[in-house]
Each structure stands twice: as structure tokens, then as C-alpha cells.
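Down below are the structures I want you to see.
Presented sequentially are two complexes of subunit A, the first with subunit B as partner and the second with subunit C.
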Partner chain A sequence: MNFAEAELKGPEQESLTLKHRTSLFLLIAAYFFTVLVWVSPEGRFKDRMLRYLRPVAQATGIAQSWELFCPEPREINFHETAIINFQDGTAKIYEFPRMQKMDYGERFRHEKLRKMFYDCMPWPSFAQFLPDFAKFIARANANPNNEPVLITFVHHTRPMPAPDPTHWVKRDDLPEHIIQTPYFIYKVQPEDLHETR
Partner chain B sequence: MKLADLTSAVNRFLFEPVSPTPIALFRICIGLIVLQDVFVHLLADFKVYYGDYAVVPIQSMVTKYWAKECYFDLMLLLPNDENWRLAFLFLIGLAALFMTLGLFSRVSMITVFLCLLSIDSHFELNQNDGDVYLRLACMILSMSNAGDAFSFDNLLRACREDWRITGFRPRLSSPWAQRWMQMQTALCYWHTFVAKMSGRRWIDGMAVYYTTRYDDIIRFPVPYFFDSILTVKLLTWGTLVTEFSLWALIWFRELRYWVILAGLFLHLGIEWAMNLPMFEWLFIASFLNFVYPEDLSKTMDKLKAKVYERYGPPRLFAYDGNSIYSVRAAGILHRLDMFGFLKLVDWRQPESPLANFTPSTQTLYLEESGNWISGPQAFSFLTRRLPWFMPVSPLFTVPALAGIGNFLYHLVEANQKLLLGGSCQTSNASEEAVPKC
Partner chain C sequence: MKSIWETWNRFWFKPIPSTSIALFRILLAAIILVLELVQLLPDFDFYYGKCAPVSNRLMEMIMWQKKPILDLFLLNPDNLLWYQIVFALTVIASISLLVGYRTRLSACLTWLGLVSMHQQFPWIDNGGDGFIRITLFWLMFSNAGDSLSVDRFLEAKTALLPEKSAPPWIQRVLQVFVSFTYLYAVLSKLHGSMWTNGSAFYYCIRLKDFYHFPLPGFVEGLSASGIFSYFALIAETGMFTLVWFPPTRNLALLLGACLHLGIDWCMNLGLFETVFLASYVLFIPPSDWHYLAQRLKQFYCYCQRKTISAS
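Right, the complex of A and B next:
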């Protein structure tokens, strides 16, 4: 074969046996069956199937859901703070990292902090981790002469302005989050300040 | 329709051999995105997630999130020290680099998948939909033939082959993994479309107004004409139409590239307006799996034609058809020559007489402006033309460094039997040393 012919040819193609093809087809079919059950609406069928499929989906990491911004986009903006009360009666406010206060590069690098502190921490489905977040804040403020004793998480929120053509608010002029709601109080234990993995 | 027609259609769709070039390009993109994930996003706050004083210790993750479910986490096998977990992160980075380069492709893709699965299970709270999609892509890639093209594995294989027998094209193979990935991408669009259709704001057209006002993910400013009810409604409904097309219409050949174009606008628009790292680029990269291999070849041919217009026709590269080392060296250079700067000619073939050509003991012969240059001089020329060799170009072009370049060239030439040796199917080439001419 000369150069021109070699440019148009490749090594002989592989051929799969019927057994191999059938196995692959079943693998792909089982995958999509599991995923379709996973993303299907709640109901008896889903509950019954997930009894068997959940361990497989969790262990292999194929559990998935593609509901970003849906069914309804949220209509509020918010940020989170923690109030740290110390032994001597003083208090300190810690503001969890706010992306809108960072420059473009920092926002890009620390996106996973936003995911953790804003998409997970304040919401009921992750409430079981709130003591861990509180301990983290306590450890970060540990001081043998004046230890933190109480951690309070506060949710700062503000509804987005309604889309009214006569009072249109541009996305760069959104109002600050002035509605404050404390939602978790944690009493710091001495062992929390030295807890590692 | 008969059952046999259905099985035949499924068989064709999943198993009819095609070129692996689209999924190979997808592998490269996914490898780069894993590198970004590891070295930009995870490393930036590593201690917060995986340090000895992490926000959520692994015991809490296991008891409060895993509960009694099965999760896969190789990090639990490591000694309980953050330095080991940091090394684990670097291992993912190394495997992702190899995956991108296509070096030990299968092993590197499996390693990336298992490590991503572990790091995701180990700390679930920093995982967004992009991480899930990345993990799924790596899982499917690890079973695929994505290392069969655009890879160092291919190049290393070429070091042991005779291209006059195997040809230069990548091996055709069953695209079942590529089809799996296509269906996974379509499933994502289907699910998000169905979920949006049950949302009031998506139907009344105001969803984009709210989504672009999440002040925690705002990125760059959007042009002023977006600040109108009409634009907001058009963008909202346009998103629905595009997402519908991306799972329903993309399968029709006549519509595929138009749908992909609409998808590109959608994702680039989101990428501009919102700070959702990785997510948009993952879906943009997934469109590569929908590109027909023959269209990729046509695009490459057009690109080469543009290169010829600018730099002239390909230069003749003479190889010795009686020396397998010369044949293999020529083959490797051709594989690295992505813009087609070289045309290989066997100087021993009587039907291709080369004007002004006088063979010597050199391995490389290159025609430049009607004259033949050889050895380090020819290689120096190649370093200025072939993008892969450009990093070493200063070793041949900067006079102070030329000694190093010459030394390295002669070192490689002297060890060509070691580098290009081994058994192979040959046509008429000898595996003995380069013949004296």
C-alpha cells in the first residue's frame, strides 16, 4: 500500500460476537431502565423498583437528576451568616463566602463553596449536617482564652423584584438581603473544638 | 414492522463499526474538564472538604448521608491523613492528564472514573450536576474505544507497525459506548424539559428573568436589550424549544447540526451569564458525540486546504522503503502532522523519481524549495511546522542551544532500533540497520 492508499485505510475492524453484543445491549438497557426509574415521578412502582435498584445506582454513581432551575426557578436571593458567641459575652458575625462579593476568578475557583454553603447547608434536606457546619465554625474561632460557646446560623433573604416593566430592576441592581431568620442554634461542647476526622 | 427489522435497526445503531474519532475528541475534552475540576475547583478548597478538619468529617458523611446505602469510596482505604487524600487528588489529576493524552487510555479512564466516584462519595456536599455528568461520562468512556484515535497509545502502537499494511486511519469499531453517551445526553435534556414543562414560570415565559437574577451565580453583565419582558419570554420559550430539540430532533440527520448550533447558543449564553463552571462545557463537549465522523474528516480536509493556501502544498518527505525504521519514523511524523504539511514518498520506488535527490546515511529527507535537506536540518524545519514539535523548536533554531538539539537528534537516531524496533508485519522492509546507500 502506498502513502495515498494508506491515508484512506485503517486496521481491520473488530467484530463482536452475538453473545458480546447481547451482553452489551442488556447492560445499556439495564442502565437506562435504572435511570428512568430514578428520575420518574414518585409512586408505588418507583418505590418498589428502587428497593432493588437504589443500591446499584448509589454504588455505581449513576443516580442522577436534571432539574436545574426547574420545575420552578427560585424567586428569592439569600446569603448565610453565623453569629459566634464567646465565653466573655462578646459576639462575632461570620459571613459565609458570598460569590457576588468575589472577583470573576475567585468566583470561578470557589464555586464548590457556593454549592456547599448555599445549595446544601441552609435547606431542610441537609439539616442533619448543620451540627457539623457549626462545629467547623467553632473550631475556626477556637481561642483557649475565650472559647466560642454558641453558634447561630442566620438566613438573610430578599424576594427578587417582580418583572414589572414600569419598575424594571436590572440584574446588577438587585436589592440587598435584609430579611433575617435565625434557623439553627448550636451549643458548643469542649470536645467540638478539637474534633478531627 | 417486523421484530427482525427492530433488532436489525438496534444492531446497526449500536454495533455497526464507525470511526472512533468523535468519542476520542470527547475523551480529550472530558480529560481537560477533569483537570480543571481537580486543579482549579477541588484543590482551591481541598482542606475544607477533605482535610483533617473538614467541614463534614467522613464519619458524619457515612452515618448521616450514606446511612445504610452502598457507596464506593477508595479514599476510605487510605491512612487517615489529609496528605494521603491530597496525593489521591493528584492521582486523579495524573490519570486525567493521561486520559487527555490518550496514554494508557483504558487504565487512565477507569482510574479517573473510580477516583471521581470515590471523591464524590467521600464528600457529597460540594457536588453539582456537572460533577454527576462528568462522572457518568467517565464511566461510559472507561468502557469505550475512545483511546483508539488522537492518542499516544495509537502513536506507540504505530512505533511497532508498518503503516503500508495497517494504513493510517484509526480502527473502525462498534460505537455502542458513543451511542450510550448520546442517549445519556438526550436523557438529560428530556428530563430537564419534562421538569420545566410542569413549572408555571417556564410556561408563562418569565423563568429566565428569575434564573438570571440568582445573585450568587451571576457572572458577566448581559446586554441591555435583555431587560425587557419580550426578550425574557423569547429566551424562556427558546430554551424550552432548544432543550426539546436536543433530545427529540437531534436524531434526524438533516436537523442534527442545526439543533447542535442552537444548543451551542444556549450553553454559551448560560456560560456568559452564569457562573456554573464545567457544566456548560460538559454539554458542549457532548455534542462531539453527535458529529458524524465523515463530517469531521471533511472539516479537517477543508482546514488542510486553508493551510495549503497559506503555506503552499505539502513538502515531500522521502523515506527508505527498505528500512522499517525509516518507514515507521515517516509514519509517526505523518500521524503527528495534523495539518498535512508532509507527503511521504518512498525514494526507492522507481515510479516516484525524486528530482535532485541523492540519498545518504541520514534517516530524514525533506524537500524545501526544490532542494533536499536532511538529518537535524530537516528535523529543525519540522519543529517549525508540526505543532507537536514546536516546544523543542528553540533547541534547533537558537544558535546557543543548537548543540543540545543536534545531540538529542543523534541520540534518537542512534537508538532508533530500540525506539522503533520489535517485530511487525512488514511488506518488503528489512528490520536490519539502516542500509548504507
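Right, the complex of A and C next:
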């Protein structure tokens, strides 16, 4: 049988019974109901529903959001650094990966790092995990003769110029991120330097 | 009333050849392999291994909170070798999904592996990863192994495979899901003012962390910003309206493809654009694939004849 014949002939499998169809419809309806609740605006109904639906959605990985550059794209550029202070009073600056400094291949390979260091780490919802990130930086710079004692995360930012036809700025001429804001300081404990997963 | 019921039944359950969903399976598996081998493997130790910055203890306290989660890594959380085994098994399952060997089982194992990775280190996932997990979930129940697969080859015991038809309800769920993502994106964009006043594109292409390939000068201009901002809204609207009607379907897919290829040129979003583009094959009817295959076969014969006559 060729393709055209198969298409005309229809099912090779037995047709689904009404019971099967109803069950499938209920499954599909339950799925889309969960999705709609998940993406709906915050409110009492959503809270009540998510009490039951959240475990299922999170356990099965169907939790979702489709808000890339919505409702507005960001109007600032930024990058992150960590200042590592050592026992002897010296300091070192670690710059978290900056995509625009990578070549095309590296940008693709390390896109996940961009997600981590740009979309998660600098924002308030991630604050609870910053101590572990500071410990990670401390471990990466551990030196028995001169241990790190203080880790400071610094946010370097600069708003983009507004689209003004009289002062048009091309993307290669955007200003450097000169506004610096330290947003997390961590005092390293000796046990932090030996902690493993 | 009867015709609505018939249309409904035809849409979800009238058997069609499985070519489109099988092609989608192949493209999705190829993308997953790139994700695993090119994006996750080089930094595996940082995300899931001995160098991982966030401890399981903290994850338990803040993220998991003793709620039920699907995470194969936690079957043996203190053994790093187990983490590597789970990753390797996920890669093998993805290869198996690509060639269509034990397709449903492969889809299930790949899904389990990816969900586990998501639970372990969720901060590196973008919308593309979520899209992959959701489509894999549905592929587990699908007939994606009925065409272009080792399963089908073994079943037919011959290289000349007859086509097999089945109710397309999974393909329909995936189509509705793809359309829904565009509807959601458009509604979210309309909540702000930048997409409607045409300045969104100006800001998007100036986000330094997303820089990809160099842009021609005219794309950076003020009028281009307006044109491309509105184009994004139109192309996305087409993907939940025009795509459902046969006469306008190809136009919607073309606009959507231009949008995704354009974004991918301007901005580095990993595999996000690629995975959405791959989902477009679900909207192309099997008869179109058949027509394309015939044309390619004719072209191949023509080239062979030319080679023979030349020699």
C-alpha cells in the first residue's frame, strides 16, 4: 500500500470506541485546564486550584510560561562580578560569563550560563541561593596560604538610551555599564571551603 | 449539532498517516541531542556534578520542600557516578528516539531524564526546554514511531514500508499547544506599550547578553524597529488564527518561520527558536510530505540519468 492509498483507506488500527474517545477528551481537557490555570493572572481561584494542580504540574514538568520579552523587553544592560577579599588584604575581581565577549560557538555552547547569570542570579527571587553561590566562588579561589574571607556580588548596569532620532545610538555604540551596585556580601567560614555537594 | 460532533470527531480521531508526527519526533530528538551533548555535557559538573554551586540540602529546603517530584538523580543523591549514568542513559534514549527504536519507551526515558535535570538545576532552562519537556510528555503516548523508524522497519520486515494511519489526537494536542503558546505571547505583549508603539524591537536587539550575529545598518533604524515590532505581533497572531485554515496555513507558517529565523539571527536564545520551528512540521499535512518526497525522488532520478548520460 502506498501513501495515497493509506490516506484513502483510513485506519489500520481499530477505530476508537466512544468510551476511549471520551477518556481521551477528558485527559486533554484536564491538561489544558491545568495549563490555563497555570498561566492565568494571580487571584483566589488560581491559588485554590494550584493547591491541587501545582504538584502535578511541577512533578511532570508541564509548568510553563511564554513571556519572552513580555510585556516589555528590558531597558537596561548589565553584567555581574564578584569581589573576592583574601586574608592578606588583597582582592580579586571575578567577572561572571559575558556573552558578548564570547565567539559565536561559545555563545551557543554556554547559553545556559547566560540564563543562569543574567536571568536568575541578579534578581530578588534568587536571593536565597546567593550564599551557596558565594561559597562556590570561595571554593574556586581557595588557597591554604591565603584563604578568601569575604565575597561581594556587584551588579554593573546602564540604562539603554531611549530611541531618539536626534541622538540615535547603534547597538555597537551602547555605553559601558558604569553604575555599580553591591547587592550581596558573604563572610566566608572555614567549613565553606571544604563543603561538597 | 450532528455536524459539529462529526467535525470534532474528525479533527481529533479521524486516522491520518503518521508522517508529520514522525518527522517531528526526529527533529525533536536531534535538538535534544544537541542540547545534551553541546550545551549540557561541557558544563555538566557545574550544573549537576561535584562542582554544582547549589547543594541538594538547600534545594530540598527551598525548592522541593518534601513535595513529590520526579527526579531520577535523587534515587542515589550522594553518588556522582549515578548522576553520570542517568545523563548517559538519557542520551542513549534520545538516540533511540531519533531512530525510532522502541519509540514510546525512548520518549518516556528521555522525558524522565530531562525532567530530572530540570528539577536538579532549574535556573538554566528557558522556554525551549519547557517546550521540549511538554512535547516529549505527549510523544510518549503517540504513534510517532509508526513512520520513518526502526520500529516500523522491524514490523514490516522489509525496506519498502507501507504507510500506517492512526487517530491523530496527540498531533492535535501538540498543534493546539503550539498555537496556545503564540496566543499567550501576543496577549502578554499587548499588556505593555512597547510592542504597540513599535519600540520593542529597538530594545530587544540592544540587549548585549543576547547578541548573536552582526546586523545590517537598516535593521537598527527607527522605522525598522516599528516594522519588526508589528511584524512579530502579526506573525504570532497568524500562528493561532491563520494556521488553522488550509488556504492560509502555509502563509502563517512562512511568517512564523521568518520571525523565528530573524530572531535567531539577531539574538542568541540557544535552541528556543529551533524547537519552535521544528514544531511547524506538525501543521503540514502528510500528503504534502508525500508530494515533497515524490519530487525529491524525481530530482534524484533526473540527476542520476544526467550522470549516466554524461559518462
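Observations on the model:
Quick note on the criterion: the second predicted complex is superposed on the first by the 184 of 197 C-alpha atoms of A that agree within 3 Å, B and C clash if a C-alpha of one lies under 4 Å from a C-alpha of the other, contacts with A are read in each partner's own complex, and residues count from 1 in each chain.
The rule we apply is simple: a residue touches a chain if its C-beta (ideal position, glycine included) is under 8 Å from a C-beta of that chain, and two chains touch if they have at least 3 such contacts.
Since the structure is predicted, the reported quantities are computational estimates derived from the model, not experimental observations.
Three-chain overlay on subunit A, with subunit B and subunit C in a clash. In the superposition on chain A, A:D88 makes contact with neither subunit B nor subunit C. After overlaying the two complexes on the shared chain, residue contacts for A:E42 are found with neither subunit B nor subunit C.
Of the two partner chains, neither subunit B nor subunit C is touched by A:E191.
In the superposed model, A:M160 makes contact with both subunit B and subunit C. Looking at the shared chain after the overlay, A:D103 reaches neither subunit B nor subunit C.
Subunit A uses residues 1-3, 5-7, 9-13, 15-16, 21, 24-25, 28, 31-32, 35, 39, 55, 58-75, 77, 79, 98-100, 104, 107-116, 118-121, 126, 128-129, 132-133, 136, 160, 163, 165, 168, 170-171, 174, 195-197 to touch subunit B in one structure and subunit C in the other. Subunit B meets subunit A in the complex at residues 10-11, 14-15, 17, 19, 40-42, 44-45, 48-49, 52-60, 64-65, 69-72, 80, 116-117, 120-121, 125-129, 132-133, 135-136, 139, 163-174, 176, 179-180, 183, 187-189, 191-192, 195-196, 198-202, 206-207, 209-222, 227-229, 232, 275-277, 279, 334, 343-346, 349, 427. Subunit A contributes residues 1-7, 9-13, 15-16, 21, 24-25, 28, 31-32, 35, 39, 55, 58-75, 77, 79, 98-100, 104, 107-116, 118-121, 126, 128-129, 132-133, 135-136, 160, 163, 165, 168, 170-171, 174, 195-197 to its touches with subunit C in the complex.
On subunit A, the positions that touch subunit B within their shared complex are 1-3, 5-16, 21, 24-25, 28, 31-32, 35-36, 39, 54-55, 58-75, 77, 79, 98-100, 104, 107-116, 118-121, 126, 128-129, 132-133, 136, 139, 160, 163, 165, 168, 170-172, 174, 195-197. Touching subunit A in their complex are the following residues of subunit C: 9, 12-17, 19, 38-40, 42-43, 47, 49-56, 58, 62, 67-70, 80, 111, 114-115, 118, 123-127, 130-131, 133-134, 137, 162-167, 169, 173, 176-177, 180-181, 184-185, 188-195, 199-200, 202-213, 215, 217, 220-222, 225, 268-272, 286-287, 290.
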